[in-house]
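Both complexes below contain chain A, partnered by chain B and then by chain C.
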Partner chain A sequence: MRTGLKYLALAGYVVFLAFPLVWLLSTALKTPREMAALHPALIPRHPTLANFADAFTEQDLVGGGLRSLVVAVAAAVVTVALALPAAYALARRPGVLNRVAIGWVLVSQVFPVILVVIPLFMVLRRLELVNTLAGLTLVHVTFVMPFALWMLRGYVRAVPREVEEAAAVDGAGRLRSLASVVAPLLAPGVVATLLFSFISSWNEFLFALVVLKDPEVATLPLTLVRFTGPEGVARLGPLAAASLLATVPSLLFFAVIQRRLRSGLMAGAVKG
Partner chain B sequence: MSATRSLAAARPAGRRPSRGFSGGGGTLALLLPALVPVLVLSVGPLVYGILLAFTDARSGRNSVTSFTGLANVADLLGDSDFWGSFRVGLVWGVSVTVLQFLASLGLALLLDQNLRFRGLARVLALVPWAMPPVVTGLMWRLVYHPDAGLLNALLGTDVDWLNDFSLALPAVIVVGVWTGMPQTTVVLLAGLQGVPKELHEAVSVDGAGTWRRFWNVTLPQLRPVIVAITSLDFVWNINQFSLVYVLTQGGPGGRTRLPMLFAYEEAFRYGFFGYAATLGVAVTLVVLAVLGLYLWRQAREAA
Partner chain C sequence: MRRWSAALAVAAVALAAGCSSGGSGDDGGGTAAKPVTLRFLSLAWQKESVAANKQLVEEWNKANPSIQVQYVQGSWDNVNDQLVTSFEAGDPPDVIHDDSPALAGFSSRGYLLDLSGRLPAALKNDIPPAAWDTVSFGDGKGGQGVYGVPFLQESQVLLANRKLLDKAGVRIPTPDSPWTWDEFASVAKKLTKDGAYGVAWPMKSPVNKVLNLALNFGGTFFTTTGGKTTVKVGPQEREVLQRIHDQLYTDRSADPSALGMGTADPLPGFFAGKYALVPAGVYLRQQVAEQAPEGFDWVTLPPLKGVTAQQGATSQTLSVPADGKHPDEAVKFIAFFLNGPNQAKLAKGDWLLPTSTSAATDPGLTTGENGWDVATASAKDLVVAPYLKVNGFDEWKSKVATPALQEYFANKISLDEAARRLVDEGNKVLERYSQ
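Right after this comes the complex of A and B.
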């Protein structure tokens, strides 16, 4: 009886968590005709992949996807390139700056983004970078930077100092010990930070909304939001398909890191 | 993190830092590439934004900005739209945080037990986290859609959920709970797994039931984790923008206009940069005050 109740509760959670997703998938597989039907069904009667094909032929969506890709790759590479040397210094030389950097990660969470968006917009306007992908990339770099620093610092700390010292004893110079000993050990952490920065930029909406006024330079989240408009249900199918496609990068990312999310990583992050 | 820190502390004292880490100048050179963009494009704008709150800055390219002291604050206090938005923000922030916590605690307790399908539930519990906020908003718009929506089909109703004056805010709150459950569940689950088994065993020997064990052992042990995650959730929720913007754009009639949506409109629709900045500062102060009070009370009760 008690176990039965527990399973009932678990089933309730599964339904609550899953049903919007199932509905999104169902909408993506429906024909326009079925979308217009009076009583929408959970299981499409004539499932079709046409909506996915449509999403790939919509110029706005494809263009938005490509522009998101450019911004996200550029933002991720620039962020990690800038953060890696700093994270190394922060991890190996703990001190005041170290605490300031960690503090900044927390402080930047408390302030509403709007307080940063307005001045950034004014600065970008002065630099003639409004409505450019370069401007958005720049904003995304600064937006992700604190957390990227924090992540990378953790990975550097996980590389035992003794390993570097041993390399130094063996006569390797500093650069060689960094390149041949530290770099391979850091590689997984760098990849994780790259992916995290990529996803943050790929999903980001508010900055894009403010910086990219022009529909011709809109990134994917913007095109998705504007895609529906006020018109009827005919375009909901392609919209659902495109939304699913837009989620693929972060789903892959989470599939890779989910084990660590579930285990110690978060516990340490909170208890620290 | 505490483990790494204590390991570092346990390192034999007096060990020379190895070659290459000793140069103070070198450290600064390493830090500059990261500190410059953060200072110029993140700390700088924040300070700039706070200063803007005391000006009459407008969006026009050639508009002249002058210091107006506390004039914006006076306007804000007399602005009924602001108070409406503020109220919506508090209702949203508190109810989403509380419901997220209760729902996540229940789920975490279930996932901590040896139930079948636990793996499936664990994966599903992470999915909302992996979804871009815009997609989450669009997805729930499909669920709430008056004609093609799942909810009306299931309930046999004909309600325009997101455009109904009294239903829009609750409908949006449900989406907020859905979105934030993963982080909260993961953190609480990690906390539950950190509760020493011996404590439970000791109390069961004393003959305490499940409920008493939960109340007297689990909850007190979880307390630091609960305080940390609910504080973070509250900050995240009160600063929420994208999700609600995609769902309702603050409508109908401002019933879901969170403070950040209000500030966005003031700044980028009407061009009142200074006024919007004042709003941002005001919300920050309220968040800090609420958090301060909450953390202080928790610290006092824990002591």
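Right after this comes the complex of A and C.
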């Protein structure tokens, strides 16, 4: 009975989480007339793929998606590669400087993004990185880094020092201990941070809008917004179809690495 | 360990790909050997409108190999953030599609090129002075200039369920004999029955709508004396406010639940017969034509008349940045893009009204189909919206007027209180801009 209730609650939660996606799918398959019904139905009466056709023919969704993928993968990997050693140092080397650094990282998050857009643009222009995916990647890395650092610092702190001490007692050097003992234990945290960084970059709009000028380099969020008009009026069908397609890479990325996320962080780390 | 090495290798490859992709930003050429390339930021978003824009750019590029135009699609939602950044950074598009309220701010900051004396006579004469008024602003240094070419305008009409009008036996108004506000109120009452409302007023963004309609009774909301602009809410400004409020709470012929809606949100209720009339901009006809259920009989009714049928108008515009690299070429392109026949194509694509007098005679814009004849005829009563010339209007609108009007229409405050807030709090805002 209790198990049944548990499954029922879980099913309810899944429906709650999945509903926006299901509604997006439903909207993407509706005709304009069905969308304007006073009592909209979840299941389209006359499903159509015309919205997908419009989305693909009117905007460069594939190109935009590929460019977003390049930027998001590069930003995620570089962010984690840079944040991981910094997080380790911040977690393992307490001191005043450490606390100041952590405080500064936190404070950097409170600046409204719009304040830094113009100076950032000017810096990128001097570096000749405006209108390039490398420039956008650099911006994404910079802006995802503080939170990634905090996330990874938390994961590093959760790895008991005793594990490293045990490795040292067994004769492992610093590098060997990091590579063979700490790194595997940090894997779920690294994966979670990669996922966070990837999704942040994949969805990012404002910097892309400012940094990328030409249609040939536009990322997916810039492509999606072109289905909207003034006063919040939008072409809902193609917008829903394009948005649905835009969620697919995130879902796939998550599906591929979710096993790593589920695995217990400390499973088998310390023998009882 | 091997997996970590692989991950780092992937990172390096991805970053390298990122570095090599794109980056082909054209600097506009400008050398004798290379054609000039103009970046044209367009805000067209409807399917037909995007197609018309692209087709015109293609035509131009074929006919002008030495001045090539690159079509860049922007979005109304965030164009001004995008533009401010590019103006400040000195890298704006060469031809900018925007609207006249945005131009007011940009011109005073010196972002835009004064086009006076640069435009060909044919284009100047084809657009009436009332439309040029919507793009004439101060340059921030005491001078006046023309900072764009106005090409599309919008009037407020009524979209009506013809079956319900016929059933109620009411007169269908024509451009020569429009409904007065009194007649409109009485018709809306007649149409309110069997659970249906005569009218739905979507007032999520009430300010521009109310201010544009207020001109029916001569209401301008702003007055300028001795170079200082202040807010005024006198009997003329109160007319439209009071009449809409009466429909909501005295006549009960307007649905209060529609107040929070955006412009297009009442359409499902309109199609279902819940609302007989929806006041809307002419462009909403496109959505009605596309979304109305089969057999739904709708009609476009001309703008209401108070003392006059005048409405405040703004325009969609094409401008050239002050520090653009190719202003002469940009003006040439604009003159082609906005000639009479091309304006007709753009107007049809966006379901808006062309400013070009020759475009307004295009058969496609005078047909009775989808209310084009009524919509096009309404252009004659458009005058420059008084708020266009007010420094600080945007802040007054968002911080003072929008909440005050929303609360008034929701019956939470009286008209006197709304007027007091619009004036007292509004003048404090405007004061800052006049310093």
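Just so it is clear, the second predicted complex is superposed on the first by the 184 of 272 C-alpha atoms of A that agree within 3 Å, B and C clash if a C-alpha of one lies under 4 Å from a C-alpha of the other, contacts with A are read in each partner's own complex, and residues count from 1 in each chain.
Going forward, a contact is a pair of C-beta atoms (placed from the backbone, for glycine too) under 8 Å apart; a residue touches a chain by one contact, two chains touch by 3 or more.
In this text, all values refer to a predicted model and were calculated from it rather than measured experimentally.
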Touching partner for A:V225 - first (chain B), second (chain C), both, neither: both
Which superposed partner A:M122 touches (first chain B, second chain C, both, neither): both
First, second, both or neither for A:A240, with chain B first and chain C second: first
Contacts of A:T132 with chain B and chain C, given as first, second, both or neither: second
Partner chain in contact with A:F207 - chain B first, chain C second, else both or neither: neither
First (chain B), second (chain C), both or neither touched by A:V70: second
Contact breadth on chain A, by residue count: chain C or chain B: B
Chain B versus chain C as contact partner of A:Q109, first or second or both or neither: first
Chain B versus chain C as contact partner of A:E58, first or second or both or neither: second
Contacts of A:M35 with chain B and chain C, given as first, second, both or neither: both
Those residues of chain A which chain B touches in one complex and chain C touches in the other: 35, 40, 81, 114, 117-118, 121-122, 125, 205-206, 209-210, 225, 228, 233
List of chain C residues in touch with chain A within their complex: 1, 4, 7-8, 10-11, 14-15, 17-19, 21-26, 39, 45-47, 50, 70-78, 81-82, 84-86, 88-89, 91, 93, 204-205, 262-264, 267-269, 271-272, 274, 287, 290-294
Residues of chain B touching chain A in the complex: 1-5, 8, 17-21, 27, 30-31, 33-35, 37-38, 41-46, 48-50, 52, 57, 61, 103, 106-107, 110, 113, 115-118, 120-135, 137-143, 145, 147-150, 153, 178, 181, 186-187, 189-191, 193-194, 224-225, 228-229, 232, 235-236, 238-239, 241-242, 245-246, 259-260, 263-264, 267-268, 273, 276-277, 279-281, 283-284, 287-288, 291
Complex contacts: residues of chain A adjacent to chain B: 3, 6-7, 9-10, 13-14, 16-21, 23-24, 27, 35, 39-42, 81-83, 85-90, 92-94, 97, 104, 108-123, 125, 138-139, 141-143, 145-146, 149, 154, 157-158, 161, 164-165, 168, 174, 177, 202-203, 205-206, 209-210, 221, 224-225, 228, 233, 236, 239-240, 243-244, 246-247, 250-251, 253-254, 258, 261-264, 266-272
Chain A to chain C touching residues, read off their complex: 32-33, 35-38, 40, 54, 58, 67, 70-71, 73-74, 77-78, 81, 114, 117-118, 121-122, 125, 130-134, 136-137, 179-180, 183, 205-206, 209-210, 212-217, 225-233, 235
